[in-house]
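A, B, C and D are the chain letters, set down in written order, and residue numbers restart from 1 in every chain.
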């Protein structure tokens, strides 16, 4: 028997080759240390993509390591961190050293840029960011301007909307029809998926359609271009219901302070010296720790 | 044991008395012959509310009978019908005879007016309705105007957003914590619920929180002001998973052609001569037919 | 193989749908077109209702979009924001079907109000109709070919066509070409003439019949193409797998 | 009953929350305030995270909003559109807490970039911070009371306070009053003075200490109110039911 999902099922390597080029505009939906598109980010780094533009509401470890590896030259984001495990060491450094063009936003402003893009609008009005230094910078860059409500004359920030070339999403599951299931908080996943031209979803597992609940479909099959089977694909960040984050690994990453040699060593050791994300996992995490992270996440559901 | 839902649980009579006044602006989320807020509409008619303004994306039987009974003097809607069982006899007649102020929209334009209201925006841009007679009328009334994208100079219709006083929603279930479950297509329910100041939800049943799946919550408890237990509360229209529509009853209603005496007779016979929606059901539908409608709906899930 | 005019219309409509197209439909002839396309040349096309029902697979679509029978077997249930917003307004629908009371020489569509015996009579209104005509990449109108339906000027513009005979994009609309399929012919907008024009006439229909039943002047050359007939395969699939209630006697 | 300065700060913050309030928080002291309020005088208040987690009930909130420990026992999971859009931008949050690197005499908040030894150092950025300050009905800033944190002018305006000392609504902002709770005092905007002003000083803190640790001139009268002390009940609930990791040593 063949399943619909099979026509879209591919290795991370193939998906990134097919849908991400040098200069592509990428959207991601991780949030700090949860649900990072880590398997896909590793592959981008492994394929040495360059001059990427990344847009995301809250910056995460996947963004940080992509910036640290030199893959990115522009970021639209709404701030970000590794929660209290550390700051976005490479992003912060790249901003201060002007190695990337960083367009800073509030979380909701980023969401609205995606929502507007999903809706096919060329601009969206928001009350956020008024009188902030963020909006001053965005106005200088032509990404924002002031607009007045034609009915009340109230002042708004008008934002250009976003239609990234490709969205990278990490989800809990796909079903055999190719529908995607997202459990736990949803962040801005829906808006990103509909704003982007192509959508790559890495998943922990593929479940039979008969075992899936139709009312829980979060991304319908018709909106997905590639499904990548990537168990533990958000590691070392966490995934609701599936595994807890690896505090030790993330802390040690943050401890690199984005010193060039240290980050380069991290990239070599964990990403470019292996051929696949599976190899990275094998090399990095013991079965003992893996089971602990899984068990803890299940308990916290 | 007491449940959180109990603090919001009330009879339709109480909920309408508490939250609907003469002149109130009401939002509904029925669609033609499905998911009509019929139990709540009956109660509004029974309490002889007047000068209501009703906003809804697709007009339905609940709207039509409210208009037919004289409760409504203004309608924002995106068209509507009883599907092929008939037109909205009373709404159509009231528009032609100018008995109500009717502001006609497209379906999506109504959705955007609610979405904008939910988001706290005072205007929303849409590409729908450009160059239509609908928008000409809305512009004359000050509900719409033209606006240009500040980045592309592309022309849009700017619509005033909506914040109705109260939303009337009919849902499949509430849980004992007061969360609401909507199965099947969702229409514009979420946007209406967040755009409106108060929210009354009538439900088929109240299920124990333990039996409910958190990932399926559609309206969170904190957004609901009143929960009305109203089994068969969308009858004679249908409700996904619960009962099929009563074709005979709806056809006979549509056959009244909104002749004043006939509609008045319908209102008296089915609504004002009884005290509750339960009495209406008892009077109108045999257990035999009820079981048939239930059985068919379950088969169609 | 013999076929009815409704069968020809369904086949003609179905052929406007390409594989992988996203198609927004209502119940009736449009749904028959979409199902036939999916069962023949467009197996990966996806069918949507404006209320959030995606890809239903039923044997009886009942009385309309709100009939539970029409939802049966759906692959996904969502809402208006996703279908009419992210998909339609977001420019992701390849084909949208709309029902009409009238359509005029500029492709303007009226589904709201007409005059009957000199008195206005109000019908359904726009629903998603205006959104579809304003925003879908291709718009298909299926209607009976009568003077009172295909007019010089509609009584009310529910959905705008080629404003003043101009290109739709030029004036800021995002909807694509409008294809009118009747029981006599297929009409599309002719840029040079600045109005809707016959692109093919159905087999067995005379040029004069089309001219006489159209409410605005048409210039039809004698070598006008004939609408391609249904293939045996199309007719077989249509008759065996598409519920006849969707299209027979539906004009 | 003795209490730590962190305990006083949590209690003071909790008292800003009323019953039935919708409260937008981050992990740390703000979460401790929200939990304490809910367990004492505001049982019907609802706690939200900007990422879509509603009313978690955990015993260990871990290292931040993205820690699965912080989500445990949530009553509802939704997304950014519903929390930051429909709730916050829709004007439905009564109280929002924000973390800061610096706050200035106009209530402007910086959570983006500061100068360390004359060199710029970039931190978290806005996240939902700017949205909260721009849009919540009441904004609570909790910070250590130091000259380098409570300044005349922030290095970078992540979130605007009282622009040029004017009323926030007047200039088109929708956010309400900003309350700054430090380990020494409570500050609010003083309309007449056109800047942030001390409304109460914590028990045991001297006026001079506050003045000396504030980066802009303060005029504090000798009869300035003292911040009300925690009640025994508040301290009991705080110590027994609110995870200490949220607030102890968190300054």
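Here, a residue touches a chain if its C-beta (ideal position, glycine included) is under 8 Å from a C-beta of that chain, and two chains touch if they have at least 3 such contacts.
Remember, it's a predicted structure, so these values are computed and weren't measured experimentally.
Participant: Pick the pair with more C-beta contacts: A-C or B-C?
Facilitator: Taking the two pairs in turn, the one with more contacts turns out to be B-C.
Participant: Tell me, please, which chain's centre (mean of its C-alpha atoms) is farthest from the centre of subunit D?
Facilitator: C
Participant: Suppose each chain is reduced to the average of its Cα coordinates; what separation in Å results between subunit C and subunit D?
Facilitator: 57
Participant: Roughly how far is subunit A from subunit B, centre to centre by C-alpha average, rounded to an integer in Å?
Facilitator: Centres of subunit A and subunit B (C-alpha means) sit 38 Å apart.
Participant: Using mean CA coordinates as chain centres, what's the subunit B-subunit C distance in Å?
Facilitator: Distance between chain centres, rounded to whole Å: 29 Å.
Participant: Would you please write down the residue numbers of subunit C that are in contact with two or more other chains?
Facilitator: 77-78, 85, 89, 135, 174
Participant: Do you know which subunit A residues sit against two or more other chains?
Facilitator: In subunit A, 120-121, 127, 154, 183, 190, 215 touch at least two other chains.
Participant: Taking the top-of-page definition of touch, could you list the pairs of chains it picks out?
Facilitator: The list of touching pairs comes to A-B, A-C, A-D, B-C, B-D.
Participant: Under the touch definition given earlier, write down the residues of subunit C that touch subunit A in their complex.
Facilitator: 22, 46, 54, 74-78, 82, 85-87, 89-91, 135, 174
Participant: Within the complex, which stretch of subunit D touches subunit A?
Facilitator: Within the complex, subunit D touches subunit A at residues 27, 49-53, 62-69, 71-72, 77-81, 84-85, 88-89, 111-113, 119-131, 134-135, 156-160, 163, 171-174.
Participant: Under the stated contact criterion, what part of subunit A meets subunit B in this complex?
Facilitator: Listed in rising order, the residues of subunit A that touch subunit B are 120-123, 125, 127, 142, 145, 147, 149-152, 154, 156, 158, 160, 183, 213, 215-216.
Participant: Please give the residue numbers of subunit B that touch subunit C in the complex, ascending.
Facilitator: Against subunit C, the touching part of subunit B is residues 31-34, 57-60, 77-81, 83-85, 87, 91-93, 95-96, 104-109, 111-112, 115, 126-134, 154-155, 183-191, 237-238, 240, 244-245, 247, 296-297, 300.
Participant: If you look only at subunit A, which of its residues touch subunit C in the complex?
Facilitator: It is residues 117-121, 177, 179, 190, 194, 214-215, 217, 220-222 of subunit A that touch subunit C.
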